[in-house]
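Pasting a structure below so you can have a look.
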Amino acid sequence: MIPQLLDGTLVLVVVALAWRALNDRDLFRGVIEFIALGLLLAMAWLRLRAPDLALAEAAVGSGLTGALILSALVRMRRREQAAAGQPAGVATGPWAKDRAKNFSRVLLGALSVAMLGTLAWAALSLPAKARGLTAEALARLPDSGVTNPVTAVLLNFRAYDTLLEIGVLLLAIVGVWALRRGEWPAADLRERPLLLSLLRWVLPLLAVGAGYLLWIGASAPGGAFQGGALLAGALVLALLSGLGRRLLRRGRLVRTGLTIGVLVFGVAGAVALGWTGGLLQYPTGQAGAWILVIEAAALVSIGLTLGLLYLGGRPGEK
Amino acid sequence: MPDADPRLYLLAGLALFAIGFYSLVVQTHLLRRIMALNVMGSGVFLAFLALALKAAAPMPDPVPHAMVLTGIVVAVCATGLALALADRVQALEANEETPAPEEPPSAETGSEPEDAG
Amino acid sequence: MSGLILGPLVAAALAFTFPKRGRGMAWAAAGVVGIAVLSLIRAVLGGGVQSHRVSGWGAPLGIDLRADGLAVLLLALTALIAVAVTGYAAPYLRAADSPEARHRERYFWPLLLFLWTALNALFLSRDLFNLYVALELLGFAAVALVALEGKGDALRAALRYLFVSLSASLFYLLGVALVYGQCATVDLALVAERAPRGPALTVALALMTGGLIAKAALFPLHFWLPPAHANAPAPVSALLSALVVKGAFYLLLRLWFEALPVFHTPAAARLFGMLGAAAILWGSINALTQSRLKLLIAYSTVAQLGYLFLVFPLMTGRDGRFGAWCGGLLLLGAHACAKTAMFLVAGNILRAAGHDRIRELAGIAQVLPVSAFALGLAGVSLVGLPPSGGFAGKWLLLSAGLREGQWWVAAVILVGSLLAAAYIMRVMTRAFAPAVPGTWVRPVPPIMEGTALALALVAVGMGLAGSWFVELLWLGGPWP
Amino acid sequence: MNVLSLTLLGVLCSSLLTGLIIFFLKEESHRLRTWLNLLGAGLKLVLVAALLRGVYLGKTYAWSFEFLPGLPLALGADANSMLFVTLSTVLWFWTTLYAVGYLEDSPHRSRFFGFFSLCVTATTGIALSANLMTFLIFYELLTVSTYPLVVHRGTRKALQGGRVYLTYTLLGGAILLLAVAWLYSLAGPVPFKERGVIQGLMVSHRRELQWLFLLFMIGIGVKAAIAPLHGWLPRAMVAPAPVSSLLHAVAVVKAGAFGIVRIVYDVYGAENAAELGVLPPLAIAAGVTIVYGSVCALFQDELKKRLAFSTVSQVSYIVLGAAILGPLAAIGGLVHLVHQGLLKITLFFGAGNYAETLGIHRVSEMNGVGRRLPLTTAAFTVAALGMIGVPPLAGYVSKWYLSKGAVTAGDHWVTVVLAASSLLNAAYFLPILYRAWFLPPPEKWPAEHSFGRWETHWMLLAAPLVTAALVIWAGVFAESAFSPLAWVKLIAAREYGP
Amino acid sequence: MNVATASLSLLAVATPAVMALLLSVRPWREGVKRATPLAAAPALVLAWANPAGAQWSLPWLDHPVLELDAVGRVFLAFTSVLYLASGWYARGYLAKDPNPGRFYLFFLLAMAGNFGLILAGDVPAFYTAFALMGLASAGLVFHRGDAEAFRAGRIYLALAMVGEVLILTGLVFLVVAGDTVTIAELHRGVISRPALPLLLAGFGIKAGALTLHFWLPLAHPAAPVPASAVLSGAMIKAGLLGWIRFLPLGEAPLPGCGITFIGAGLGAAFLGTLVGVAQANPKTVLAYSSISQMGIIMTGLGIAAFRPEAWAEILAAVLIYATHHALAKGSLFLSIGPAHAARTRLQRSLTGLGLLLAALALAGAPLTSGALAKTALKANVGFLPEGWALALGVLLPLATAGTTLKMARFLWLVWPRPGHVAPAAPRGLWLPWLGLLAAMLAGVWLLPGALELLPAKLAPDKLWSALWPLLFGGALAALGARLRRWFSGDLSRWLPAGDMGVVIERLLERLTLRRPRSDDSDAGRSDDPAPAAREVLWSAYAARAASAVTDVESRLRAWPVVGVVWLLLFGLLTALLARAGH
């Protein structure tokens, strides 16, 4: 009885929090609720027996996204104050008095509920005992080179998806750099010795943690993405504390770091093609080693990309 | 701990999707919209994982898990790109209200100041 | 087949890492893809449909790539237009040597190559989720390219486009989830085999179609296209109008005719027909009222897309099937080339006159004769005058419509071509008017005009080579 | 690809290639352009002569190209097409010569001559097309290639005229496309055959065939300038003289008339059309146009507008000939296709000379023009008298056969129309002749140029004189073996059987 | 031999045509002008020699294009004489004319047309020659170039055109009915009903039949004297020839034609007298006299229409009358010149004698060609049914009286008075006039059948019946002369020349709201309303539509609307697919 109760409350809280986050009158509070929602979702993934995803969701889904949105909010507030000269008033909530707006809002609400009903009707009609691809995946697991089924799917069975996905990552950072020039957070370490000393041992710890996660990914929940997320966290901390500025001065190195994931994966695919005649078809038996190499490269570029996403633009003074 | 009931989380996911879409369309502030998109994404991923749980033979179906992981990464990229773009647009809006708009909004595209997205 | 994807992807990464040699990377990728496409065409023509199991695992678990007639044609088309745009973009970007121009050029090449990768992936893949990732890649690249212009309108349009693209993709993804829940696979062929009628797949198809209609900018949801295509840089708007928007339509074709053909009922098909007809009329009327050339061309895209959606109602019947399928897709190809040519010409005009307000563009024929000629030829193909590709496509659609007894299709096609003639004539009359001194300030490098003319000639030539295209399209078509 | 189909292709490509090359010639290379033009025209003449002889001896010419599956793009030379292709080639040669002289120092000549040759290629294509689809393709190509000629001057009026022209012709083209598509869906690919191809459908699709005929007539009627659809022709008079002569005598309007003849004889077949009961309304429409055109011409003071309206009425003679059942009327109609071409082109050359040499555009300014330009006005007079139908000139021959055909077919009202039209022709041509010959010339012409020894540029003079001579030849030697009439009798014999 | 005779017929027609063309060659112009009278020589020789089988044809035609038959020979005879005399006369007359070349050009072309018309063997040749003569004669009428000539010319040309068109249509009907183009075999087949009225009216215009004649009194005086002589003498006969050739007079009774011919003929005769007397210009008087004379000939044809079997005699009578009228009228017209030019008493008395002779002949005084013609005609009156014969018996003499009255008027106007001395009158007018006069007196008798009539004519009662109309006419003339003194007003104001024509002209003016053509200088109305107006209307409408479209478009852009539309589409799709599902 207890687990149902637990799930029920979790679901209810998630839905309520989602509504609050998006329709809260005060934007700042909304963002905070959004981050909380992220964490709760991580809990939900655990309940749904998806540890890999819980890790990723916590680190990337709520952590990084929350940080990005917060910094964006702060930037916008500062610019609005500078421009309009009046204190950052409470953003007008959804209940503006304009009658036409209300009408369309009510209509949209009704339509959304109707959509939800249809979706529910369809979802509930799904067969209770759907077979899914678990059986095939487990059958093919031994010669996939890794024991963690999720990593096997990610980097072997559907390696093509992951290739494109890392491409998306690179594209995102290229897009962001094309759009804006990054703004350095103003923190100056000299006044904050405590922070400096904390960072001095936290950052290496995080780096080692990322490496561990990468290694363990082959057999247990973990892998390139989760490791990358950890690395990104470390990078964000470095940026916040102003340490990262020196690191990012040499453009070429940073850019290579970003593209190493795609390059290695692409080249590996090409070599595999030459070797076995199939795109991304690892030579029999060596799959594990290939996957590790690819994952390592992916780890570096994911970490760097997600970290620089926080910067919100291309580094460098030009 | 016995498995959670997949249908419950499926419905939760669909609910999140609906709420996200509603807010995306209703809200005018860019950040709220971006958050709405994230919530919609999470809703879909919740649905995916609920389906994965349905076929929990020895373990939940790893394929949806991989898909969701890819989805999450794509969502983050989307959010990063959206925020950068929203920032540039908001910067445009901000210095437009100031007396010297550097480039008058051209009449053709008829973009209302308040509806930025 | 795999060279089509790895080539541009690796080139994009390299173009980003070594910005100076961006253009070199683009030409390299063009070479690789060109060879791959040609060999693929020969293989398809020789041995029929080519398929490839990525990383060797096969359908349910792994991802399949398949190149049938339609896919090969679209890949060739993408290659052709990408090469033309690459040729055009080099001088276009180096117009002014201001810092933003250099900045723009640095980021143009990687984004272009990413777009190319996404398109190739989209046309080859048989896996619904993989198509989702390809769609996302396509969306981001397009948005980034639109935003590259840097001006206010471009940014606003890019943001609106991003929101539409993301929400549409999520609709699509939820649809994929439901399909996976129902058939435990995301491969098109297997879904077709296991597709039991039922609420799940009904809603799934509705979701996916809803998403893709928004991405393909069909009539009611077309609002984001004109500002985006009009304010983007010329080569970008050419790519967007010609290919990116068609990608979503291609996916719809796959869904409705290969994955879930059982749902292709006259009622649903007629809805598409109605929306298509409305798109043609609404797009053309708006094109007539625009005062800027690029907006006119963008609305013309909205109109021409309407024609493509006429394929659905015509595919229901038995004997109209061939004409509809081949006609629609020939029209897609001809429109792609013609529209690219027109946008490139618009770029030339913008470059030469500094603005594209149609009323003040008198004398295009004297100042830019080659561009005027290209514009004329593209116009001929858009309006569907013989012997252009547009004519062949419209002819096949028209005869299919008449053979099916669907009279309203014939009426819509004719009215559409007349309206198209009207807004093309608006521009052409300006072309022949005597040039007002002072309108044309800057010379336009010949390569830019040459590429536009080449594509316009392809658009017209496509009509003459109609039977070759139809034979290719017919290969591996979606019928029992 | 035997030699026969090569000559066929050669006829088509000779003007196409010259056109394309001229497009890319620099504006200054006058000599090369003139030589290219004349070379193209000359080559075409030779090839057409060879074709003519071949068809006369009964050889069959055919060339086809698979445009779309089940939809060949086919060229063929039967008696009917030879008539039109010979007319357009001969007249094109002289129009080119005339145009070179006329546009001596005006801008954009490369563009002009490029489109000029494209236009003739389209006309040749229309003439030589062996099935309805090829006809449609070249028909639309004609619209596209003539538009830049109409707006060549670029003035506001020219653009306005061009817009009207394009609206009419594109509307017509769209309707024709619908009709062709509809017929294809009923009867599959429609080759041009002597007695028509719709025999099979006569019983089952009677009503549809009638509607289809109406669509065809509207579609092609626009170019043949039948009464309600003729609005564009006077407006297109803003074009320079060689273009308006091209529009009237050689290409556009003739293509329309030829189209109607093709539809009536080679798609429907005369007997079938009569049985469907579609010919009388066509005859009435043609009759109305004949009278309406002449009446309008009466009130036009601008010379070229008057000639335009006269063309509107004259072309409907051809349509009338096609609309009356019986070989005689057919002969009358078809031979008028040639005669009207010769007559009208001479008139336009004359009008062009007056405009170019003396700068006069209005009939009221034509006093005493006979004294200043005696040879041109002589040619103009011959053509005007021919147009009225004064024997022994060309116009009389066609009117004679038309009225004979009408009387044998029993519709006497046609003779009334022909009589009225001749009177009206007289009413608007004779005053011009009177002014030219009998009234004293003004002291100073509006914009006089002197061209040395001859009254005007030798090219501007040679063209009208030659065409006037052709008019006389076609009239006086009508009954002889080498005349348009003889060839038309050959066609009528084949169409109406022994 | 045959080739020579065949070429003679071609020569007769070709010489004037070729000479006309030669006029355009500057060096030979003077020579051609002098040789103009000779142009008629070959025709004259052909007429007198009357070689058998004078046929000429184009190589690719089977039937003869030019052919001389009996009727043609008579016509050719008096026409060639008339052209010879007028051509000779014109040489002197046009000495001081500003633009003689143009006159000769049209004169020669008219001559070629006239001869061609007479010799034509098939319908197209006939119609070609007829049209050529029509247009060329219009040139002659326009020749003087002043407003009067222009007005006359315009009306003449208009009517000539109408005539030609009617004739063409009529001929087409004939050819179709007879299924041949050669005139000889034309009437063997069925008589085509619709052709008759057309041919009647067509040739009626040329012959100046009643209601179709009003161009004649305007055109003949406007043309120079030699031209009007030819016009009144030869060209007017072309209409007559047309009737003879193309109406099936000899084959079948045509009551309808008979009545029209006689009615119109008599009407024309009396109208001619009534209006002719009131005219001040001698040439107009002669024109009206031509109308009445042609009226009398028409009555002859009317008789033939009633009694086809009497066609042979009637034809002979008609030919005699036509020849007589041609020559007499020609000499009267040519006499005007010498009458003006007579200076010495001898010249005046000589001209007076000539005038008297010609006038009496025309009036039909006994022993003159006129009397001969009239008796020939009267002899045939007997063929008519009872009532008609009586009426004609009375009316014909009255018509002759009318002619005498007109002749008296003419003589009174033209008589060479001593005081009146013309300025330097042109020389060389005498000989051609006298020659024509001699031809008139002698010519008629040479005609076949004329001699048989002579004895009958000399019988006393015939003498009296020929004389009393003359005396009656003379008495009327004397009475009129006296009345003239009291009533000084100019009668012609009430009865203007061209009577009906003036009425029609004014009617046309009002109808077409156009100022008379002569000063038509303003810009013609273009056929569509001012384009600017239509443009403005259209653009205002378009602007409103455009703004409506743009604001709908912008409203579509708002996100809430997008949301609603999107969800509706999704719902619609689900509903359609669901319905399809079951």
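Chains: A, B, C, D and E, in written order; residue numbering restarts at 1 for each.
Simple rule for what comes next: contacts are C-beta pairs under 8 Å (C-beta built on N, C-alpha and C of every residue); 3 or more make two chains touch, one makes a residue touch a chain.
Note that the structure is a prediction, hence the values are computed from the model and not measured.
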If a chain touches chain A and chain E alike, it appears here: B, C
Chain whose mean Cα position lies farthest from chain E: A
By mean Cα position, the chain sitting nearest the middle: D
Which of B-C and A-C has more C-beta pairs touching across its chains: A-C
Chain A-chain D separation of Cα centroids, rounded to whole Å: 74
Whole-Å separation of chain centres (CA-atom averages), chain C against chain D: 43
Centroid spacing, where centroids are CA-atom means, of chain B and chain E in whole angstrom: 99
Computed distance of Cα centres, chain D from chain B, in Å: 67
Touching two or more other chains - residues of chain A: 105, 108, 112, 115, 118-119, 123, 126, 130-133, 137, 153, 157-158, 161, 165, 168, 171-172, 175, 179
Residues of chain C touching at least two other chains: 61, 129, 133, 136, 140, 143-144, 147, 174, 181, 184, 198-199, 202-203, 206-207
Sites on chain B at which at least two other chains make contact: 14, 17, 20-22, 24-26, 47, 51, 54-55, 63-64, 67, 70, 74, 77-78, 81, 85-86, 88, 111, 117
Touch relationships between chains, expressed as pairs: A-B, A-C, A-E, B-C, B-E, C-D, C-E, D-E
Footprint of chain E on chain D - complex, ascending: 160, 231, 234, 296, 299-302, 305, 309, 362-364, 385, 388-392, 396, 399-400, 403-404, 407-408, 412, 415-416, 418-419, 422-423, 426-427, 430-431, 434, 437-438, 479-481
Complex contacts: residues of chain E adjacent to chain A: 560-561, 563-564, 567-568, 570-571, 574
In the complex, chain C residues that touch chain E: 164, 171, 197-199, 202-203, 205-207, 209-210, 213-214, 220-221, 223, 263, 265, 267-268, 271, 285-286, 288-289
Touching residues on chain B, where the partner in the complex is chain A: 1-12, 14-23, 25-27, 29, 31-32, 34-36, 38-39, 42, 45-47, 49-70, 72-81, 83-88, 90-91, 94-95, 97-98
Chain C partner contacts - residues on chain B that touch it in the complex: 14, 17, 20-21, 24, 30, 33, 37, 40-41, 43-44, 47-48, 51, 54-55, 63-64, 67, 70-71, 74, 77-78, 81-82, 85-86, 88-89, 92, 103, 105-106, 108-109, 111, 116-117
